[in-house]
Amino acid sequence: MRLLLLNANATEAVTEKIAAEARRVALSGTEILPVTGRFGGRIVGTRAEIAIAEHAALDLAARHGGEADAVLIGVSFDVGLRALRELLSVPVVGMTEAACLTACMLGGRFGLVTYGRRNAATFREIVTGYGLADRLAGIRAPDLTPAEMLTDPEGTAAAIAEAARDLADTDGAEVVVLAGATMAGLPSLIQPLVPVPLVEGIASGVGLAEMLARLHPAGAFGGSYARVGGRQSTGLSAELSRMLSGA
Amino acid sequence: MRLLLLNANATEAVTEKIAAEARRVALSGTEILPVTGRFGGRIVGTRAEIAIAEHAALDLAARHGGEADAVLIGVSFDVGLRALRELLSVPVVGMTEAACLTACMLGGRFGLVTYGRRNAATFREIVTGYGLADRLAGIRAPDLTPAEMLTDPEGTAAAIAEAARDLADTDGAEVVVLAGATMAGLPSLIQPLVPVPLVEGIASGVGLAEMLARLHPAGAFGGSYARVGGRQSTGLSAELSRMLSGA
Amino acid sequence: MRLLLLNANATEAVTEKIAAEARRVALSGTEILPVTGRFGGRIVGTRAEIAIAEHAALDLAARHGGEADAVLIGVSFDVGLRALRELLSVPVVGMTEAACLTACMLGGRFGLVTYGRRNAATFREIVTGYGLADRLAGIRAPDLTPAEMLTDPEGTAAAIAEAARDLADTDGAEVVVLAGATMAGLPSLIQPLVPVPLVEGIASGVGLAEMLARLHPAGAFGGSYARVGGRQSTGLSAELSRMLSGA
Amino acid sequence: MRLLLLNANATEAVTEKIAAEARRVALSGTEILPVTGRFGGRIVGTRAEIAIAEHAALDLAARHGGEADAVLIGVSFDVGLRALRELLSVPVVGMTEAACLTACMLGGRFGLVTYGRRNAATFREIVTGYGLADRLAGIRAPDLTPAEMLTDPEGTAAAIAEAARDLADTDGAEVVVLAGATMAGLPSLIQPLVPVPLVEGIASGVGLAEMLARLHPAGAFGGSYARVGGRQSTGLSAELSRMLSGA
Amino acid sequence: MRLLLLNANATEAVTEKIAAEARRVALSGTEILPVTGRFGGRIVGTRAEIAIAEHAALDLAARHGGEADAVLIGVSFDVGLRALRELLSVPVVGMTEAACLTACMLGGRFGLVTYGRRNAATFREIVTGYGLADRLAGIRAPDLTPAEMLTDPEGTAAAIAEAARDLADTDGAEVVVLAGATMAGLPSLIQPLVPVPLVEGIASGVGLAEMLARLHPAGAFGGSYARVGGRQSTGLSAELSRMLSGA
Amino acid sequence: MRLLLLNANATEAVTEKIAAEARRVALSGTEILPVTGRFGGRIVGTRAEIAIAEHAALDLAARHGGEADAVLIGVSFDVGLRALRELLSVPVVGMTEAACLTACMLGGRFGLVTYGRRNAATFREIVTGYGLADRLAGIRAPDLTPAEMLTDPEGTAAAIAEAARDLADTDGAEVVVLAGATMAGLPSLIQPLVPVPLVEGIASGVGLAEMLARLHPAGAFGGSYARVGGRQSTGLSAELSRMLSGA
């Protein structure tokens, strides 16, 4: 199968990092097709950049979605998730959604660690938007930047591990989600420091996307995810405009 | 005060309709500044068009936000609401948010009427995202299109009224929100047919935006709505890029 | 418009304080009509006094409601709110309800600061009763009395500010509601000490009551807020008895 | 033990009816002390009358509470419940609270039948206020008046039974609460017509009040139910004023 | 009446302890029939032991249920509660369910103290399963074993009291449930150290079971608690097999 | 990998049916190890049989779990799920849990169809227990028996399809879970009759179990799922007793 790994961060280095992890964990027959956002924030990390990345994710899917059997959104804010499910006929998984659902199969309530204090509220909204607020034990957002994660993953790993351990000890988390594209590969490094299982979105997401692609669910012909054609638009890329119009 | 009426639908006729209603209800000292989306769906009505309109709303705000004392989002999906609150230093209100909060002051649980079956699920998510799921008595989405609303508002009004009355009689709604940019002005027309108060987003939103502008709340210096500067981006309009970079 | 400012605390000094703030923030065409509770607790601060004030608020409305275009309940427990909405044909707003709904338009989850430990649980019930539990980040109730607030507002302001800051830093509150009639005017004093916007019920409530009065919503003819006439009662003031009987 | 049966409806006939049922079900050593509201609605059935009855319930408790080992509130809106728990040192139970908690011990989700459409929303708020919204399968409010219930209980019983059966069949209720002072004694009459257990507030409430009186729980010295003394008030009955002041 | 006290812990000493407390608090006409689990964990304290005890509780009920007017489950995890309600025609109460419902009648939100950190999550699930999550202020699980509780109740009492006080002071609990079969009798010992009322499951449960037995509710003929007959099984005790088959 | 397919129904025919479906959908390298309950209900379909099957599932896992890389519980009530996660070091998935989580990745709110009216309440509890109540649009339980499903799957398929379509049309379900071991293989048969995607637990569960086995999550060393050793028990099978004691 061909898995489109859709990174709406406009930074190739992030794409390469998550693509490497995706290839490491994928089934032998899975081909990873990584693509990078063509416009928007270099590293999506604010509400404004998330809003723009919603569009950028669709633009990428319009350009490359036709080649894929499934899509994994490689931005931890799962930008474009619901829109892509409406737009494409193949399964779409968000990396944080994937990590949270995987966490649900490994324990009771889960905690979530991300970097940057401002993101704590955003992730709470995302988890709540998935209907999983009752499973959420707590969130920790140590004051790290994605840039630090990329340039010095080992150095920041200790802070992440400490936050995860604190979620288990203080908030009663029984699994911990590491949320962030740059968390790829981190669980195995710091698992020995944390008393409960760690999950992360790229490895979880590749597995779930592969599983869904094989399950081959039907598309919706009713409800809010049914494909619509004939939509008129203006000022979009030719590919996205064409996809909306259904031509 | 100057109120930016931000219509992310890329259709001038919608802008004119909501601007007329906004001017009708505004305080005498309020100047309405209507703007129309430069790219995206002609009428935002699918999940994909909502995702694109998140970006389009920010682009409009970057171009025109500096001139305004408050912003009202004139698309019923409240596109860009959270991002605009982060990005701008003036109050921002979404028209459906405004109608829902106003409904909260007029009764107990409220119902919501929109057009197009596929939008029912989307509005449920929006109301839930505002933390108001416990106030929501039910949703009705008679199979009408925004186009029908624009071209024949009287003809579709009966269907809207019937849906609103059914929410009151069957679901126990004590107020009914009419959700949709083309609902502007409709409440007074059909109120006699419905046993509970009707509210709509443009009139509610103008009032709340005026009220917030006078309240003049402080901006956030912490949390997920604090203004951030120095964000690097690519491929955006010069205005939006400049706003993200804080230059 | 004429705004009845209904203080069910049986203490004129509190009425004067909130009336001063109401007049400071009101639109130029708004006349503030302050009235003081005729029976009940001098300062409503216990569950028993709240129960009595439910009645006292109705008694005041029966005496003075006919003169007003809107009502603002100037007791932070919003006593009588639902009953007044049933009884009167003009909009009614509770001051804490107003502050909470305003907070919803300024950020994500909000915190609430009040004085007196025993009130923390009561305010949690009030916020939950408004269906806003999912928006509530936390409550702080430093051990101050309303009397201290009245006699030494500056002295107690630091404790309030500290509690608000703690809600932002520890509980992730993105807005903070200052709940209490004696909080009127406090936000601007302590805003520089708190990293997120502060809101308070008198200023919010005047604005919302003005906005609703202009929106002029229809009354309910069905549901639990529909006006009822012909109710028989005994032992009430002539005014309230007459209002219940609908004569 | 002595059980104060506190009827805040200002109608002796209702008091007599619920007192008869209370005596029928009470333990042999339980003395029922019925009292009737001194002011307020003849039959509490609107939001305004509920608000007034909050005060009336406290006034009754101040006059008679000292003689009792427990209190049962014999108005189905459980008026004054929280305030009485604060004010009195003996256990206090609301009749609808009692029926709902009893229902929780007999099945999964429960339904609730009351009379009068306008009361459906009020009872939903009451059940939600007890934190039991997740246990509530649905509410039915056939268009009957308490007066009809008093004068012709057999005639209205069929409508109540039909509503209860519908809750079981349509909403999946596994127990049904009959809410209303005039429902006393009804369950045994109509149980053969309903496929799930019926419970009612007077019989449930007497049993729970007896049980609590024997359990003899400690009073609270902290939190929002701790007894407070030294409260200043005005315009209240001598008994209530004295109780508030703690003299 | 005869009250079957069903201890699914396979340890007689626990049965004796709870039977002693049950007899101490029971009405004079109540006969306590204590029985001990025939298979499973000596002290039920893990998820696996809870799963096995579900079966053991049914086996005990099949052997002894016919002799009883009501059943109290004397294991704090309330093992078999829902199944026993389906299987038996007499009322069934779980001891922790009883304590939680009793707590609901004594204050607002309640806290829960148990022993052993691993049980905190399990009790949260149990309380949530009763639909009472909104009433739960917090859980404390000091690192004690049931064995310590049995051999040295006084010694461990201080730790329990400290946890209860902390729930009141820090989490705002207004009542505290002591969860655990070995907590029987503890409330009166440590109540002076805790500012809010303490409740425990054996005393609460005996009272509620007695109350329900006198209320004599009808059985269900529909829904998930209706008695079923004619079920085929294999490998069970003759008594349980017979009860399932309805012979 | 070796996947233990644990059928706690004591009926081989059910085991064979689900094993056939499991083998049909499994990856080529997956070996399905089906086992059948040694005691309990022939077809688990009542609350009592569920309680017994909790034990039976553990007994099977103690006998066969050591041979497996993952476990799939092939009873739609997911009996023993939490206990098995505590007891085993390999991933454990419940078939209904699997279907619900898969549904979460295919749309918004999902509906659930099962057979037998009494099971509707039980499945609602199960879904709520997974923290997914907010994702549940509704449940339908047409009056069919598992036996009918086994002997005449085609004949009952129409009723299932009709229920699923009704969930989409009336309740707004955007995906429908077919819950029941005998639903295996049904989705592809009836998908053309239903406008939204159908998912079922065996196919979903095999995919998720395979995915988790490859993800190879760490075990818990803290919290309620941490493995415990040294537990004393009586009256259990030698295998289960040994597993509890950790010998």
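Descriptive notes on the structure:
Letters are used for the chains, namely A, B, C, D, E and F, taken in the order the chains are written, and counting of residues starts over at 1 for each.
As a convention for this text, contacts are C-beta pairs under 8 Å (C-beta built on N, C-alpha and C of every residue); 3 or more make two chains touch, one makes a residue touch a chain.
Computed from a predicted model, the values in this text were never measured in an experiment.
Think of each touching pair as a link: the shortest run of links from subunit C to subunit F has 2 of them. Interface repeat of B-F: among D-E, D-F or A-F, over half of the contact pairs recur, by residue number, only in D-F. Of all residue numbers seen at the subunit C-subunit D contact, over half occur in both copies; the interface is built from largely matching residues. Relative to the C-alpha centre of subunit D, the farthest chain centre belongs to A. A separation of 43 Å divides the Cα centre of subunit A from that of subunit E. In whole angstrom, the spacing between the mean C-alpha positions of subunit B and subunit C is 27.
Shown for subunit F are the residues in touch with two or more other chains, namely 82, 85, 108-109, 120-121, 125, 128, 133-134, 172, 174, 222-226. This structure has the following touching chain pairs: A-B, A-C, A-E, A-F, B-C, B-D, B-F, C-D, C-E, D-E, D-F, E-F. Residue ranges of subunit D in contact with subunit C, taken from their complex: 10, 38-43, 45-52, 54-58, 80, 82-83, 85-87, 117-122, 125, 128-129, 222-226, 228, 231-236, 240, 243-244. Residues of subunit A touching subunit F in their complex: 25, 27, 82, 85, 91, 93, 97, 101-102, 104-109, 130-135, 168-169, 172-174, 191, 195-199, 203-204, 207-208, 210-212, 214-215, 217-226.
Interface residues of subunit F, counted against subunit B in their complex, comprise 108-109, 134, 172, 174. Interface residues of subunit B, counted against subunit F in their complex, comprise 120-121, 124-125, 128, 133.
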